[in-house]
Amino acid sequence: MPYDPPARADALLERFQEVRGNSERLAAPLSDEDQMVQSMVEASPTKWNLAHTSWFFETFLLQPYFDAYEACHPAFSVLFNSYYRQVGERHPRGERGMLSRPSGDEVRAYRAHVNAGMQRFLETADHKTVETVTPLVALGLAHEEQHQELLLTDIKHGLYQNPLMPGPYDGPAPCAACGSKPTTGWVRFGGGMGRLGHDGGGFSFDNEGPAHDVYIGAFELARRPVTVAEYIAFIEDGGYRDSALWLSDGWDAAQSGRWDAPLYWRKDGAQWLEYTLFGERPLNPNAPVCHVSHYEADAYAAWTGYRLPTESEWERAAAGLPVEGGFLKNATPDAPRPAPDDEGLLQMFGDVWEWTQSPYTPYPGYRASKDAIGEYNGKFMSNQMVLRGGSCATPEGHIRRTYRNFFQPWTRWQFSGLRLARDV
Amino acid sequence: MPYDPPARADALLERFQEVRGNSERLAAPLSDEDQMVQSMVEASPTKWNLAHTSWFFETFLLQPYFDAYEACHPAFSVLFNSYYRQVGERHPRGERGMLSRPSGDEVRAYRAHVNAGMQRFLETADHKTVETVTPLVALGLAHEEQHQELLLTDIKHGLYQNPLMPGPYDGPAPCAACGSKPTTGWVRFGGGMGRLGHDGGGFSFDNEGPAHDVYIGAFELARRPVTVAEYIAFIEDGGYRDSALWLSDGWDAAQSGRWDAPLYWRKDGAQWLEYTLFGERPLNPNAPVCHVSHYEADAYAAWTGYRLPTESEWERAAAGLPVEGGFLKNATPDAPRPAPDDEGLLQMFGDVWEWTQSPYTPYPGYRASKDAIGEYNGKFMSNQMVLRGGSCATPEGHIRRTYRNFFQPWTRWQFSGLRLARDV
Amino acid sequence: MPYDPPARADALLERFQEVRGNSERLAAPLSDEDQMVQSMVEASPTKWNLAHTSWFFETFLLQPYFDAYEACHPAFSVLFNSYYRQVGERHPRGERGMLSRPSGDEVRAYRAHVNAGMQRFLETADHKTVETVTPLVALGLAHEEQHQELLLTDIKHGLYQNPLMPGPYDGPAPCAACGSKPTTGWVRFGGGMGRLGHDGGGFSFDNEGPAHDVYIGAFELARRPVTVAEYIAFIEDGGYRDSALWLSDGWDAAQSGRWDAPLYWRKDGAQWLEYTLFGERPLNPNAPVCHVSHYEADAYAAWTGYRLPTESEWERAAAGLPVEGGFLKNATPDAPRPAPDDEGLLQMFGDVWEWTQSPYTPYPGYRASKDAIGEYNGKFMSNQMVLRGGSCATPEGHIRRTYRNFFQPWTRWQFSGLRLARDV
Amino acid sequence: MPYDPPARADALLERFQEVRGNSERLAAPLSDEDQMVQSMVEASPTKWNLAHTSWFFETFLLQPYFDAYEACHPAFSVLFNSYYRQVGERHPRGERGMLSRPSGDEVRAYRAHVNAGMQRFLETADHKTVETVTPLVALGLAHEEQHQELLLTDIKHGLYQNPLMPGPYDGPAPCAACGSKPTTGWVRFGGGMGRLGHDGGGFSFDNEGPAHDVYIGAFELARRPVTVAEYIAFIEDGGYRDSALWLSDGWDAAQSGRWDAPLYWRKDGAQWLEYTLFGERPLNPNAPVCHVSHYEADAYAAWTGYRLPTESEWERAAAGLPVEGGFLKNATPDAPRPAPDDEGLLQMFGDVWEWTQSPYTPYPGYRASKDAIGEYNGKFMSNQMVLRGGSCATPEGHIRRTYRNFFQPWTRWQFSGLRLARDV
């Protein structure tokens, strides 16, 4: 089912229940204790992710539009608010891991309470109300799917702190070199004017628009993302010890973090291992490299003599490609897989997010909306870099060609890799 | 049953099972999620306290003395070691709250595994072995009881971080002014030589000895600890705003911590409330003030014109008093209670630990033992102050007149109060 | 004299001596003790600025190209290297203020030594060598002029830490409202393709090129920068207390820095004062607001409902304007002055740097050179924002229409203001 | 001349001028830039030390007792107050190094102003006033001498930060092994009651009294302090890598500070060098080890199997010894020297301060005076350890047998060494 459901209550409800159910299916293999772990201020406990997405529907849908709704608990509006400053006080972000209460059971009851509220609401709302709230429900579901990806990246980071290195999920069989060695090569794109950004047909986040004209020079894009084997060559060539390859801030981050490989990697004798949601396993040299920061991606590109693409280049290159690939399907976690043995541009969507060289800034003509929900994207347009294309943890159907993900350039806990570009 | 059991296997086992059971009874009202909370580096999760005390018996009793014992899990020796550097690697103290695994169930199984091991061990050990291990078992049980008190103070601090202010325990009925207003007054002690410290008869921690001669001048000790009402007078007189009353380090701690009352206190209109293990409740003006740091105790004493006692004075004054009072009984948490309406020195034992003006230093002739278990006390003899007398969270029977508790002077999360002294 | 001197030794030497002399004239009113102050890691002592610029000529000109040159002191290559990692070890940036030695006299002798070396070098070099080094000398002089501006902004910040608020420079007479109230209004620019960046004719920094085609939509630019009076209205309307106006990172910076006005401002009763290089004085409401961060500039723009310009818009708007305005002339510090009573775009150059909404990124086709001197600009293209137009502390003749200054968005100690833009 | 001058104006003035002159003689070899260096929050610039001691006389003598006195500058009362909170606002301690103004010349003028004021005051005061102020003048001079020692230790630490390692003072000729190898051995002291502390005859600091009775057990004291050669054996035996030797806080300090030798030491090939006020030089193996923290002293003692003395033991042992030794004489800096070839207890006074195992606490009956000058000592009685005996930087005549110096156990920039003790 598409993201932009028709303004029909039954279709909306069906989609709502599907997305909400996926969150719960994702959390199911985790114990209530697992769901409480917070490993850093940027990552939230599973339980918090589950509650916060419910808070969104309660705050922006049920309370304003459904008179019969009664809030689950007065304190939840503080505990599960994230950054919406206009909506009131917030619990400190770094202290979410101390919330043993509400319990897992209570959070699940909170979800059920909100779900039941939404069901009664949509079943009884008149057509005009349904029309009004349809975009809000679509936004809430897109928000929920974003937190499904965060749920996975956050719990991966959380469990990684544990010397036991738990792997709570069932995953693909480990393999040391499955997949054929993917072909290299470049695809050329001519320069010229182009129209980028979302044109407003169907759902999108506000930061994807407005559509606008851009001039892009000719460029070439690598056929597939950089692989593990290629990245190991960078490591072995001393890439982490040569300051000349790095942005100044990147070098400082690498030094203070003592980086010598991507996050989750460990060398055991001659073998490189990675921690995954399925436990620690050997790295597959043919898979795309993952869990690198923008700084590492940029240094790798400098080492090759090429560069990262801009987000304009990426979006132009993706024009016409189907949004298909290694996504999160049926709420079943997966790992980035080797590129298929195929022609043309490969793996533009799915497997790993691709760092671009573009800072996250507003498009020409962008105005954040003034209400609380307008705090969603615009206020983060500072000190972040754009990633494109989705990952193996992005729910299938969640993203678009125009989709802009963004993280600070030093972050590594997302499923983030890179693809090279070069001037013509 | 006394602390220093006879070297008889059955008596030892009975005592072992009683103390171990108390830990579990204390944790029972807490959910597995509650048991995972870590609110600061000095406080540990309940689950960790439960596992660490088992690790102690496994490491210092079962592994060296019971060949048939098989360790529960190889990683536990790292995860649940606290500060015994000679015993090997340790998991970082500040990251204990991220250990969702082992689960609560697994930790309980670990305890059962160790308990069964100890039972088999004691039931099969020959008399000579029992004689050898009796002091170690006594030490392990004393250590376990220390962690029972920490379990309560740590979980109190952990749940206090939660805006819901949970009160998981059943406690005494709240009261705004129960207990009669306790009588003030002083008890006089003449100066002279005295013998202080533990003489080695029965169990004691190494830091309580050796017994030694000390000359103490004449002094007077307040009949009871400072009360909540008295401390409120200090607050209302501007005690937290007058730097002249404070030690220099104390003033800095008070400023940077924005202290304006004891920990857990909150003023709601005209009424002072305190957070307890039973939820938030009105303060009882007649109860001893509690959860003050040494710095606050010292500033309060300066405000009165008196002073804190030395630990020598305290110990001399306690001579001949029965070790009875408001202790933790039957693993049932309680709160500090008003002094009884009685003659002489009151509440020397129980209710609140009493800060002394004595830094925690070795007694003349003290030598820490060289083995790992010798790391127990001696290495902390720096930057800590001695407290005496036990609290409402100290297990009954755990302490002695010579017992030396010690915490850094800025800590407030223990049940710590004060009693005044003055020169004659 | 222009920046891009002909490859003639005499012209080069004349320009060299003029620029070098300006640095010394700027430092002259400061005592040797003043010249040692370092107030934060981002700001350097005057003495260090004077020595580092000499190190540049020694390292990149005299040592590679003038065999007869003998280095002044072996340790200076470490002490006065800034960030050129390829050139070897560096003294920690935050500890420059502890360098009482070399003394002011020794640093002046170092400058004289390098100056004499350059003079002998240029007087004896053959024509081919002069041709080779001309771009390097031009770069060294541009670098020196950048440090002249930093010398002023760093010492201003340094002396401001002193409760005596010294004003070592002679400046314009203080005035409470001199200058006419500048007219508001907008200038419109049509959209279309344009060629931006430096085309390589004459000197420029590498980050100004290559020239490239850009499509820019139609826009309007405010006729003059935002004034002090306008900014006070923002303050008085609660701009510093309304999180909805701020970028998320900006709000955090404002809270943690306790910002409630631009840097150097202080309210004395009803009057706003500012600290200047001439001491503390009343603010002139008609002057451009100065010493605001990008975050404050962005929040101010949000408050008005307009926005900051992109650097492309700014550069297009500046096309055809003479590079004239309130610059640093004859090494005499000045303050930002009110806009003149005139037509069209005013004060595009000089008085205050103008924050744009553009992050500092490489232009299409930009490649940093691989040698040490290539570390100059490219490696800072992360987490910084572009400013345009120069300030009252920018040496006259130093900048161009294509000149890109860049600072982190939270910095306020430069002479940084803003000009509004809006969509058509 | 003794510390406790007769209440006679001429004698007081003579002593005043001598001590004040010594401060200036000590600072004379330092440039005004040197005098501005502040290397850490605990160390002050020379200039500040010079001004603060003048502020003391201005604030506690001239302003209250000499009507004709006019303060030098109103801001100095804030700038040069140290910790006397009752006297008003203070300039932040860690920002003293940014005070380029007042200049060195102005601070010298400030000293001259205060000196002239004191001269006029003492020349004109009536006898009763002289009697009243004599103890205050004595306190001010003792305070000034303390700052003479700090002036040396602070500038040593400050110049050490400079890679040039300046040695501004003329010192004794460097030597690799001068002095005979000092004899080891112990001196025995029987146990019993003793009277310790200052009895009030002549000048002393308040923390030295009141005299009181103490029972001390029998003990032995090493004949001389631990030498450099002995300490090197500790290093070479892995003393800095064996956590079992260290206090827990000490181990943490050693790890976080990356200690592997005393402060100022550096190994150059096989040779140990130390930075001194005369530049870097080879260590003399026969000299007392210096610039160790209490933690290192304690670990060293643990390594030998002995211990540090208590301050009571030290004071008892020093009874009857003349207060003579390697002190600061005629304002000429020196270094710790090897023990003389002699009988009995050696070097109890001078050369290096000796860490004791005694925390700095009030003596029985001690009460800090309530006025500002009473802030002098009592408020620091927390988290500090007592040192005894003075050092090569302590002005001759400054200390007594009862003198208690105190520093935090992790500090190393004082001339601090150790002497072993053992039980009998």
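All chains are identified by letter, namely A, B, C and D, in their written order; residue positions are counted from 1 within each chain.
Simple rule for what comes next: a contact is a pair of C-beta atoms (placed from the backbone, for glycine too) under 8 Å apart; a residue touches a chain by one contact, two chains touch by 3 or more.
Fair warning: this is a prediction, and the values are worked out from it, not measured in the lab.
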Compare the CA centroid of subunit B with every other chain's and tell me the farthest one.
C
Rounded Å distance between subunit C and subunit D, as computed from the means of their C-alpha atoms:
47
Centre-of-Cα separation between subunit D and subunit B, whole angstrom
38
Using CA atom averages as chain centres, what separation in Å is found between subunit B and subunit C?
60
Contacts with two or more other chains, residues of subunit B listed in rising order
none
Pick one for the touching-chains graph, please: line, ring, star, complete, other.
ring
Among the chains present, which pairs are found to touch?
A-B, A-C, B-D, C-D
Which residues of subunit B touch subunit D once you look at their complex with the stated criterion?
83, 85-86, 193, 212-215, 217, 243-244, 246-251, 295, 357-359, 361-362, 364-365, 370, 375, 379-383, 409, 423
Counting only contacts in the complex, subunit B reaches subunit A at residues 31-39, 75, 78-79, 91, 95, 97-104, 158-159, 161-164, 166
